[in-house]
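The same chain A turns up in both complexes below, where it pairs with chain B and then with chain C.
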Partner chain A sequence: MASANISLTRNRKTSFAKKRARAGFYFVIPASIFVLVFFLYPFLNVIWMSFQDWPLLGERSWIGFENYRTAFQDIEFINSVKFTLLYTVIVTPLLFFTALGMALLIKGTSRTTKVFRTIFFLPVVIGFGPASYLWYWFVDSRVGPAPQFLRVLGFGDQEEQWLGIMPLALFVVIVMVVWKFAAFQMILLMAAIQGISKEILEAAEIDGAKGFTLLRTITLPLIKRTISLVLILSVAGSLLAFDQFYIITGGNPNGSTLTTVFNIYRQSFLQFQLGYGAALSVLVAIALMLISLIQLRVLRGDDHE
Partner chain B sequence: MNKSPFKTYFGMPRKGWFIVCTCLSVMVLTPLVASITSSLKTAKEAQQSPPTLIPKSLTFDNYRRLTGVSDGVKHYLLNSFGLAMGTVVGTLILSVLAGYGFARFKFRAKGLVFGLILLMIMIPFQAILTPLYVTFGKLGLTNNLVGLCLIYITYQLPFSIFVMRNSFAEVPVSIEEASVVDGCNSWTTFRRVMLPLAIPGCISVALFAFFASWNEFLAALILMNDQTKYTLPIMLTLLNSKLYGQVDWGLMQAGVIVTMIPSIILFLTLQRYYVQGLMAGGVKA
Partner chain C sequence: MQKTNKIRVGTAAVLTVVLGVSSLIGLSSSANAAPVTINFWSRAAQADFIASVGAEFNKVNPNIQVKVTTIPDAEFVQKLSTASQSGSAPDVTSVDLILVPYFAKNGVFEDLTSYTNALSFKSKLSPAHMALGAYNKKQYALPFTAEASVLFWNKDLFKKAGLDPNKGPKTFAEIEAAAKAITALGGDYKGYYFSGACGGCNIFTFAPMMWASGGDILTAAGQPTYTDKNVAKALSFYNRLWSKGYVAKSAKTDNGASFAAPFAAGKTGMVGAGAFFVGSLKNNPEINYGVTPLPGATGGKGSFAGGDNIAILKGTKYPAEAKIFMDWALNAGQKFIATKAILPIRSDIAASDYVPQDPRYKVIADAMAYGKTPYSVAYTPLIADGQSPWVKMLATAIFDGKIAAAQAAAQKQALAIVKKQG
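Let's turn to the complex of A and B:
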C-alpha cells in the first residue's frame, strides 16, 4: 500500500484519467495472462496441429488438409456425429419440457415449495462422474434396483443387460441426464417466470386465459429469451457429451453410443493420432462457435420487452 | 394463487400439487437413497441378485475398504480437495481483479481482452485438450495437479469475470467517487470500499469454481495417468475394474457417495449464492 502511495505523489503530473486508464489495465493483466497461455496458445496450437501427421512418438510431418479429408470419409467419425446429433435432438426437448413443468410447479415462494425446489436440484450439483457410476449400478440387470423393480411389477425376467441393447442403452443415459440436469434449466426458467409482472398475469386471467392458453400466449412469449438461452446451453452441452457415455455405456454396444468427443478422446489419447484428433477438435470447435454466435445474438435481446 | 403456484395455469388444488411434487421428489431421491443403502450393505449382500430392498445389517465396511483402493480414498480426497481449493483461490483472485477492471475502467486493450473472453466462451475446452496434452507433456506438467489446477482456473474465468463485473457494476458510482475524493487511490478504493460490497458475488464465484474442479472428469482423465495423482471422480474408474470377474458394487457405491457428499453439503449450506450466481452469470451476461 505504501509504495502505491509514493508512486501516486511522484506521478502527480500525470492526469487523473490517464492514471485511471492504466490502473484499469493492471486489474485485467493477471486474468489476461492465464487466458493467453492456457487458452489462446493451445487454441492456435490445435489449428496448427490439425494440419500435421502427429503421432505421439516418431516423426511428425505437415500434411495440409489430409486430416480433414480423412475425417469426412471416416465412418467412425461420421457415425459419432450422427449419434451425437440423435442424442441432442432427443434429450433437448425432453429436458426442456421436464424443466418447464417443474418450473411451473415450484415458482411460488412458500416454504414447502422451497423444500421441493432444493430436492429437485440435488442431482445437479453431483458430478457427472459419480452420477454416471450410480446409474451404471442402478440399471445393472443382476444387482440394480431398476430392473428388479420392473421384475416385481411383472415385466418378465430382465436377464439381459440394458446397456447391451442399443436403444435401451441410449435411453438409460437420457433418463440419467434428465434426472441430473432438468433442475438446472428449471431454476433459470423459474426465475424468468417469477419476473413476469403480476398485473399482466392477472389481466390475462380476467380475460379468461387459463391452463395451456395462458402458458402459450402469455407466459412463454414473455420469457422467450430465457427459453432460447436454456435451449442453446442444452444443445451445446449435449454436443459435447462425454462423461456419461464413457462411464455408462463405454461407447457400446458395438460402438453405437460413441459420441463425437468420445471419438476424439479415442483418436487422440488411446490411438495417439494427435494430429487427426486435433482436426476433429477443430471441427467440433467450429460447430460450437456457430451455436455460440446464435447465443450471443439471443442474449442481446431482453425478456419482457 | 399464492397458495398453489400451479393453480394459475392448470387449476390444480393445493393437495394435488403437493402429491405431484412429492412423487417427483421420490423419483429424484430414489437413486440417491438406493445408492446410499447399497453402500451400507455387506460386500456380499451388495453382490446379491436379486438385490435386497433393505439391508439385513448396516455396516461401514465398504467405506473402510475404500482406504485400500490404490493410494486410499483419503489420498484422493486430499487431491480433489487441494485441487478445488487452488481453483477457488486462483479463480477468485483473477476474476475479482478483472471484474473490477471491466466494471469501472476504460482502457485501450479493454475491447481486445473482452473479445478474447468471448472467444473462450465459444470454444469448448474439450477442443483444446489435444494441444494441452502435448504442451503439458513437454513442460512436465502431465501428472501434475498444479497444471490441472491452472487449466481449471482459466476455464472458470469467463463465467467468474462476468459475475464479478456485474457485482461491481451494481455498486453505485457515487460511493466510489466519495472514496476517491477522500484521497484513496484505485487500489485502496478497490480493497477498502468496493471489495466488501461484492462479497456475495465472490461467494458465488468460489462456489462454482469448487463444483467445476470437484466434478471435472475429462481433463483429469487425460492429464493424470499416474494413480497417485487421480482425483475422486477418476478414482471411481478404479472401482469399475472387474477384479474377480465382477464389479465390487458395494465398494463402488461407497466411492460414489464419498464423491458426491461434499458437493451436496456445500450446496445445502450455500444454496442462495448458487442460485444468485446462476442468474448473474447465466441470464444477465
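Let's turn to the complex of A and C:
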C-alpha cells in the first residue's frame, strides 16, 4: 500500500517534470535560435575566416595557422593585449568600489536618496559614443572646461593636451568610464543590498556589528552573487574596450592606448586584413572565455545558496 | 494584449506582402513612367553641398531621382567594400580620388574607358583626377570635385606683428620668422597650426611642403621612401615650429577634429587648408586673410591635388541612368558646384564660373594645376590609419624630435604593408 503510494507520487512527479522540461524546451527555442543565428554562426564563420588570408576586397586563400603564428610575433598585438590588461586591472576595482560606495549611500528610500540615485544614473543613459565625444572636448586644452577649471585654480596654463601625455590619456578614459558606468553597477548592487532581509541585519546589529564590520561580514557575503555578476560584466566589458579609446585617444599618444579590439578593427578595416583580424578575435574570445570561467569558479567558491 | 500585438504584426506582414507585390506590378507595367531611383554615396566631407547637388539634378531630371547618402570619411572604405560584396552597394559613388586605385584594383567599379574617350571635354578634365581614376590603363572613375591645398595667412596678425600683410611667406625660413613674430604677440596668439594626429590632413597640407622640398614618401610605383633626406628637411621644419612653441599644443592630439578651425578664431597666423576653407571662412568675415602656395624649404610650391572622383558601381541595375547622372555631374553639375564655392574639375568651367568669384580662388585653381596626388592601392593602411607609418613618423619626428628614428621605423612598417597589399 505504502509502496504503491510512493511509486504513484514518483510517477506523477516524473510526468510533471517531463512536462515542465518540455515546456522549458519550447521556451528556450526563440533564445536558442537567436544565439545560433547571431552568435554561433558568426563565431564559427570567424574561426573559418581566421585560417585564411582574407583581404577586405580581393582573392582569399587558405593559409592554415599562419595568422596565429603572425599574431604571437606581432609587437602591436602583444602591446595591445598588455595595455588592455592594464586598463582592466585598473578600471575594474575603481568601478566596483565607486559603485559600492554609491550603492551604500543611496540604498535608502527617502526622497533625497531617490534624487541622487537619478543623478548618479544619468550618465548611464547616454550612449558610449556621445559620452566619449563629450569627454574628448571636455578635456580639450583649447576649449575644454576641465583644463579651464584648473587654470582658474592656478594650476599652470594647462596648454598641453591631456590626451597627448600617456598616463594622463589613460586616466581621462578611466574617469570617463567610471563616470559613465559606475551607476549601472550601483543599481545592481543596491538592489541586492535592499534584498537582504531586515531580520539578519537587525540580528547582526544586536550582536554588535556595525559600520565596516557589518558591511564586511554580513552585507558583502550576502550579495556575493551580484558582486560576481558585476565583476564578470566589468572585466569582460573592459577587455573588449573599443569606443572610448577609438573616440577619445585614437590609440595615441604614439599607439600607447591601442586596445585589443581597437587593434582588431584596425587590422581588419584599415590594414585590410580581415583574416588576421578574425584570428585575433578568436584569440580574444578564447582568452575571455577562460578568464570568465576562472572568475566564475573563484567567485562561486564556497557559495552554498 | 499579446494577442492584439500578434494580430497587428500579422496584418502588417500581409500588408507588406500586398504592397510589395503591387509595387512590383507597378514597376513592370509602367517601367518608363515611374522615376528610377539611383543611390549615390558621398563622404561626409562633402556634406555641406552634396545634398544640394542631388536636389539640383532631381529638379532637372524628373525621371531619375538621385538619393544621396553621406558616409563618415573614416568609414568610407570599409562601408563601400562590404556593401559591394554584399550586393548593397550604391549605383554611383563620389569617392576620395586617392582611394580609387584600391577599389579599381579590386574590381568594384565599372570600366569607363570608352565612355571617357568619347567625352568632348576630356582634355579639360583635371589630370590628377584622371590619373588616380585609372588602373592598368583603364579608366574607372572620372573627376567630380576638386580641392587643392594652399597656405592661408592672417593679414591683420601679420600687420600687428610688424610683417608685410600683403606678402605671403615663400620659404620655410619665412614661415618660421612670421610664426615667431606672431607668437611673440603673446596671449593666445600662435604662429601656425596643423592637426598632428591626422594622416589625411597632413598628406593634404604637410606633404606638399615635403614635395616642394624635393622629398617624397612613395615612388611613382608606390614603393615607400620614408627615409628620404628631403622628407627629413620638412619634418625638422615642423619640429622647430612645434618645439619653439609657435604651434598651439592642441595640435599634437588633433585627429582632424579642429583642422583649420583655430585659424577662423583669429588668433592663428598661418594654416594649410584648401578651397573648402575659403567657403567656411565666409562665416568669419572679420578674418582678413590671403592665400599663397605652400612653399618648400628654399622656395618652390607644392599642393595636394585632391577632391573626389565619381564612379559607377559594378552590378548596378541602372547603368544607363547612372551615366545620365554622370553626364550631368561633368557638365551642368560643375557649374552648379562652382556656385557652392567648390572648385570644378574642368579647367574651362573653373576659369569661367569659379575663379572670377574671388581673387583667392585663382591661387587655388592654379595650385590644382601644379598639385600632386600619391598613387597607391594601399593609401588607407599606409597613410589614413591613425597608427599608419605616416602618422607615427609625424608624431615621433615632430613632437619627440627623433627624426631619423621616426623615418627608419616608418620605412620598415611601410615596407611590410606594401609587401602585403601588393
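To be clear about the criterion, the second predicted complex is superposed on the first by the 250 of 305 C-alpha atoms of A that agree within 3 Å, B and C clash if a C-alpha of one lies under 4 Å from a C-alpha of the other, contacts with A are read in each partner's own complex, and residues count from 1 in each chain.
Operating definition for what follows: contacts are C-beta pairs under 8 Å (C-beta built on N, C-alpha and C of every residue); 3 or more make two chains touch, one makes a residue touch a chain.
Note that this is a predicted model, so its numbers are computed, not measured.
Participant: Decide which partner touches more residues of chain A, taking chain B and chain C as the two options.
Facilitator: Per-residue touch count on chain A favours B.
Participant: For A:Arg142, using the defined touch cut-off, is the partner it touches chain B, chain C, both, or neither? Pick first, second, both or neither.
Facilitator: both
Participant: Quick check on the superposed pair: does A:Thr113 touch chain B, chain C, both, or neither? Answer first, second, both or neither.
Facilitator: In the superposed model, A:Thr113 contacts chain B only, not chain C.
Participant: Applying the document's definition of touch, where does A:Arg151 land relative to chain B and chain C: first, second, both, or neither?
Facilitator: The answer is first: A:Arg151 touches chain B but not chain C.
Participant: Is A:Met49 contacted by the first partner chain B, the second partner chain C, both or neither?
Facilitator: The first partner, chain B, only.
Participant: Given the touch rule stated above, what does A:Leu188 touch, chain B (first), chain C (second), both, or neither?
Facilitator: A:Leu188: touches chain B, not chain C.
Participant: What is the contact status of A:Phe269 with respect to chain B (first) and chain C (second): first, second, both, or neither?
Facilitator: both
Participant: Which partner does A:Gln73 reach: the first (chain B), the second (chain C), both, or neither?
Facilitator: So A:Gln73 meets neither chain B nor chain C here.
Participant: Starting from the residues of chain A touching chain B, keep only those that also touch chain C in the other complex, and list them.
Facilitator: Touching chain B in the first complex and chain C in the second, residues 136, 140, 142, 269 of chain A appear in both lists.
Participant: Please give the residue numbers of chain A that touch chain C in the complex, ascending.
Facilitator: Touch residues, chain A against chain C: 56-58, 76, 136, 140-142, 159-161, 163-164, 249-255, 258, 266, 269-273.
Participant: So in the complex, the part of chain A that touches chain B is made up of which residues?
Facilitator: Listed in rising order, the residues are 1, 4-5, 8, 19-28, 30-32, 34-43, 45-46, 49, 54, 102, 104-110, 112-113, 116, 118-123, 125-131, 133-138, 140, 142-145, 148, 151, 179, 187-188, 191-192, 201, 205, 210-212, 214-215, 219, 226, 229, 233, 236, 240, 242-243, 246-247, 261, 264-265, 268-269, 274, 277-278, 281-282, 284-285, 288-289, 292-293, 296, 299.
Participant: Spell out the part of chain C that touches chain A in their complex, as residue ranges.
Facilitator: Within the complex, chain C contacts chain A at residues 77-78, 81-82, 84-85, 102-103, 105-106, 108, 197, 248-250, 252-253, 255, 257-258, 262, 378, 380-381, 384-388, 392, 395-396, 399-400, 417, 420-421.
Participant: Spell out the part of chain B that touches chain A in their complex, as residue ranges.
Facilitator: Interface residues on chain B, with respect to chain A: 2-6, 8-11, 17-18, 20-21, 24-25, 27-32, 34-35, 38, 46-51, 93-95, 97-98, 100-102, 104-110, 113, 116-124, 126-135, 150-151, 153-155, 157, 161, 185-188, 190, 211, 214-218, 221-222, 232-234, 236-237, 239-240, 247, 249, 252-253, 255-257, 259-260, 263-264, 266-268, 271, 274-275, 278-279, 282-283, 285.
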